[in-house]
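Each structure below is given as structure tokens.
Here chain A shows up in two complexes: once beside chain B, once beside chain C.
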Partner chain A sequence: MTGPTPHTQAHERSAGAPLRAAGAPLLSVHDLRVEFGTRAGIIRAVDGVSFDVRPGETLAILGESGSGKSVTSQAIMGIVPKPAGRVTGGQIRYRGADLLSRPPGEVRKLRGTEISMVFQDPLSSLNPVFRIGYQIGEMFRRHRGYSRRDARDAAVELMERVGIPAARERVDDFPHQFSGGMRQRIMIAIALALDPALLIADEPTTALDVTVQAQIMRLLARLQREEGMSMILITHDLGVVADVADRVLMMYAGRVVETGDIREVYDHSAHPYTNGLMASIPDLDHPSDRLTPISGSPPNLLDLPSGCSFRPRCPHARQLCADDDPGLYHVGQRPVSHLAACHFAEEVTADVRERI
Partner chain B sequence: MGAYVARRLFFALFVLWGAVSVIFLVLRLVPGDPAVVLLGPDANPDQIAALRARMGLDQPIIVQYGIYMRDVVQLDFGDSFRFHTDAMDHVLAHLPNSAQLAVTSVCLALLVGFPLGIIAALKANTVVDRVISVFSLATQSLPNFWVGIVLILVFARGLQVLPSYGQGSWQHLVLPSVTLALPFLAILVRLTRSGLLEVIHEGYVQTARAKGLRERAVIFPHALRNALIPVITVVGLQFGALLGGTVIVETVFAWPGVGRVLIESISHRDYGVVQAAILLIAAAFVVTNLVVDLLYGYLDPRVRLAG
Partner chain C sequence: MSASASERDRAVTASPLLSVRDLHTTFPVRSRLLRRTVAHVQAVSGVSFDLYPGETLGLVGESGSGKSTVARTILGLEKATAGTVTFDGRDLTSLSASEMRPVRRDVQMIFQDPYSSLNPRRTVEEIVREAWEIHPGVVPKSRWKDEARELLERVGLNPDHADRYPHQFSGGQRQRIGIARALALHPKLIICDEAVSALDVSIQAQVLNLLQDLQRDLGLTYLFIAHDLSVVRHVSTRVAVMYLGKIVEMAGRREIFEQPTHPYTQALLSAVPVPRPWDAPRRAEIVVAGDIPSPANPPSGCRFRTRCWKAQPRCADDEPALQPRLGLHPSACHFAEPLQTADTAPM
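Presenting the complex of A and B:
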């Protein structure tokens, strides 16, 4: 982070920057670091990630496998797999209080009640040997002290709300008796049982049939609107993000490489990685075009290159990129909320404009 | 469910038939003549031949087998050559003693083995885990008769706190049941530990944590129930090994159970009693496995559909 770079000077806020709802963020992650010990060495899965989530907004975290997006969400939930993984630094402030410095018992009480999570694969995320009524009802029994009977009734009600047909008949069924989409609805019912203020959805549609993916996303969007909750949507599907997210956070090799409002980042992407992802979206207007993949392979976290981690795959890479690790900077000429970790962000956005 | 149980019971009969047929054949093929054993070394050949004829042993083996099978299907398991009583009655008279020993051992193994396995898994790769694992590996490797003799030397001869043989008070039960329980307990510890460690990283355990459940509410219903499914299967199979173990342990501790009856009857070539004892042990084995399979269906609902 030393030496002058093409954009160290601060830019004033451009006139067109969207105004954001005032007030404190619901969740504020600052300089989060998570490491995993493996046989081959220590992996920095999350390496200095910072972002805010405001009340009622949807933040999308995008990135390929191993970019640290899921580990970030596990860290927020306090469920980083132990003993291999551990949070080594940073702060996770929820309603102002740092979750990392509070006793585990207190943080546990927030899980499911304030912050909930929906996982990628609903089949492995539901317990195969318990009836779903039990698994949903557990939220009411353990957190709210409901009786078994009341918890079961509450479970039926929730199942109806997330669109599971014949809920009363199916409440005593087991997970394997449901389809993938229905299982994910059950997971969503569990997550939303106690009206959390923040929902973390970790690739909620990846394991599902394409036909039900849209249904699940619509359901999540509807429930979010009804509850007024915030959502962190983790995905690698840019198409999904465009419809539901307010802001986006691009991650690569454990770091944030670009962030900003969704339209801003889509239309004026300032990091070559974001650019590459955009280019690899199939264009339905020209379905015969070949897709343009990002060259090279995902980074080896055990052996990251010097300077910028994306350098080996980057068409813009120069000597500066090898010498100096670009921090996350405001992209010149763009709204203040648009940040990118690239020495040549302005050049990249200029390219994008030309392309359009 | 009913059809499933009926099918299993049918196969159980098949297994019992196999067990008793093998032992019938083996008894008659090994050297040693019941008539000679009964009459003693001074008997002359005529006496022996007369007794053999009375016992039906002069017939070809296939005819003896046919007669025996005809009787068995009518629940007549033959007589004891030695006691001239019904062979099955003789064995059944000793069954409560064996059952007492087996049940005590199984309870002991379960009550100690499960908790130790759970502790080892929750404290994986710590000193506590290492101590438990080494202990279970050691006890699993030691043969029953050797452990029995060492326990007798230490607690009966050395410390003189427990009786070394026979039956009567609860103190008599301690050494034989501990001896019998140890290898079973060791397997339980190791299986519970590995089973729990295997499921602890499963998605549904992560979900349970994400639900904000207390660690206890995560481990006990969610992780343990899944971890126990494979353990239960092995427990059923191990119960068979435990029944075999009673034969040795009852001999070491002079415990008047089916195992000792079996050993004595073999040395006296008391065919009827040996066959009855084997049949009973095989039946216990078969029933245990059936119970385990039904329990399996209860523990894992996915099996119920397939059943």
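Presenting the complex of A and C:
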């Protein structure tokens, strides 16, 4: 794997283009299915998920544990844990070409160059015995054929860009000599090394303190703006992405239950799960004496209910919900995109209006 | 928020259940090569607070602030280097291990990770009744089965599941088992150390409501340690903010969230992500630079000065005391003042 891949040359991003340009999506996931074989049976971790990411756009994929949000990103990156996990259907089109039907070697080249990823735990993603300058520089040596010296210089430059103070003095330090926040900056530097068109960040701030979390989110937002890249932010925290994301994709039990422009979804949620999550979060600015939790437990993926998976926990559930699985459909009259998978979406949004 | 006001009135008239004075907890850093102590990590350095019956004191801070060490020192799991911990009139730091045992009945702890704190080889009933085996006389043996079932029901679990093992429960249910175990000895004080941090949001709200119900029904007192300020605001009567081993600001929950005067509290509050930033009252945007310094080598004077935008030479020489400032609550900053730009939320 030396030299630039054909794709980095063929698809120069046009500088100065509007950040949220409409038109052809950069990434288009259609009816994605991922299964995991366990001793107890087969789990459909991702069950027919579809979404687009447009150039320059930030999409937040939200969900709790077991929702399938991380597995979705693993499928895009081609890193679904094997042999237990397996992509069983659907397409992942990147710049129009389906990654799932291309030879693995070719897809691997895209990773790191065109599509790169930042994980939750930077310490386990960094090699403890190599100096960080070497680890960042590896991207340039491997993919761009830089000399050691040039790669080191490029590493310093990147470290500066992601806000690591005294980069030139610290380039030869080892991962353990950095704090958690700085290590996450190093991971971001590695992810950005080859100017990816799409950055996937899976819970990038979950392991960090709140003040550091704010620093990292600002950094990601700034880099996204400067580079004009697209971003997929995967998180369980509705608040963390609110300032950064353009659109959200709410997942539950392996499916998309609601998606649309972030303000539209947060302000006029049309799915009882989204609505329930909103009511579960203690409000720092308008505290109430009591929270309204979602009742029941997270779904058992081995034994999902018929029809709508959320139905056993849903205050709106009726017989129809058990008989018929609601697909995603457009809600509301506004000219914005907003889809929800609920038979009683209108009723749910009416409730939301009452609450606000 | 009339409830919190009346709680505070009650708190002021009663004598404290727990009184921590000038608590220090230091960990030696030993060099394997030199075979001697080369440094000391001052995890807790000079913490004082009172906890009144029936109230919830929220202890917030980031990693390295020492908040969990405060809890562990109160319980005697770490040895205090200096200072006193007075519980129900007795100084716990001077007690021997056997003298501590009856105190442990009254002070229980709920941990962050319910799974690693529950014995996987014991059924839920065995987990709950273990405390009665250790502390005979609390519940007569003939009552164990019934009492265990009642406890499970009390925390919202199906009593018919008493013979199941922890792995057969979800994360939220496991935390309920941990709560049932903490309640088994009818404690007066429960220390919740990041008790809801590992739970999904929808489950977190269930457990927070449960903790509130238990406090109301059983008259419990909580020391609630957490890093999530939204959660702390929701559950606390009063809040203490810790930074690098010290309390930097302490006040009733409404005051600390609406009129914080310490720069660190202000920075912490401004960093809290809110779900609908477009609807939230405009808050000052403060992003503190850098990371928390090492507690093995804390800055002189004010420990926050290395990250503080208000720092002056005086802050390095003269450590600001935690004392009431500007006619408000205690704050450990020479330049304590409410934020000018932040709108305060109507309550």
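Criterion: the second predicted complex is superposed on the first by the 327 of 356 C-alpha atoms of A that agree within 3 Å, B and C clash if a C-alpha of one lies under 4 Å from a C-alpha of the other, contacts with A are read in each partner's own complex, and residues count from 1 in each chain.
Everything below uses one rule, namely that a contact is a pair of C-beta atoms (placed from the backbone, for glycine too) under 8 Å apart; a residue touches a chain by one contact, two chains touch by 3 or more.
This is a predicted model, so every value here is computed, not measured.
Visitor: Which term applies to chain B and chain C once both are placed on chain A by superposition, clash or fit?
Guide: fit
Visitor: Taking the superposition on A as described, I'd like to know which of chain B and chain C A:234 touches: first, second, both or neither.
Guide: A:234 contacts neither chain B nor chain C.
Visitor: Counting only touches as set out at the top, which of chain B and chain C does A:243 meet: first, second, both, neither?
Guide: In the superposed model, A:243 contacts chain C only, not chain B.
Visitor: After the superposition on A, what does A:298 contact: first (chain B), second (chain C), both or neither?
Guide: In the superposition, A:298 contacts chain C only.
Visitor: Tell me which of chain B and chain C touches more residues of chain A.
Guide: The partner making contact with more of chain A's residues is C.
Visitor: Looking at A:209, would you say it contacts chain B, chain C, both, or neither? Reply first, second, both or neither.
Guide: second
Visitor: Figure out whether A:174 sits in contact with chain B (first) or chain C (second), or with both, or with neither.
Guide: first
Visitor: For A:158, is the partner it touches chain B (first), chain C (second), both, or none of the two (neither)?
Guide: In the superposed model, A:158 contacts neither chain B nor chain C.
Visitor: Tell me the contact category for A:282 with respect to chain B and chain C: first, second, both or neither.
Guide: Once the two structures are laid over each other on A, A:282 reaches chain C alone.
Visitor: With both complexes overlaid on chain A, what's the closest CA-to-CA approach of chain B to chain C, in Å?
Guide: Superposed on chain A, the two chains' closest C-alpha atoms are separated by 5 Å.
Visitor: Considering each complex separately, which residues of chain A are in contact with chain B in the first and with chain C in the second?
Guide: The overlap between the chain B and chain C interfaces on chain A is empty, containing no residue.
Visitor: Give every residue of chain B touching chain A within the complex, in rising order.
Guide: Interface residues on chain B, with respect to chain A: 125, 201-204, 206-214, 217, 221-222, 225-226, 229, 299-302, 305.
Visitor: For chain C, which residues count as touching chain A in their complex?
Guide: The contact residues of chain C facing chain A are 1, 3, 62-63, 170-173, 200-206, 208-209, 212, 227-231, 233-234, 257, 267-281, 287-288, 290-292, 345, 347.
Visitor: Under the definition above, what is the set of chain A residues touching chain B in their complex?
Guide: It comes out as residues 77, 79, 81, 83, 108-113, 116-117, 119, 121, 124-130, 138-139, 142-143, 174, 176, 187, 190.
Visitor: Which stretch or stretches of chain A touch chain C in the complex?
Guide: Its residues touching chain C are 64-65, 165, 179-182, 209-215, 217-218, 236-240, 242-243, 263, 266-267, 276-287, 289-295, 297-298.
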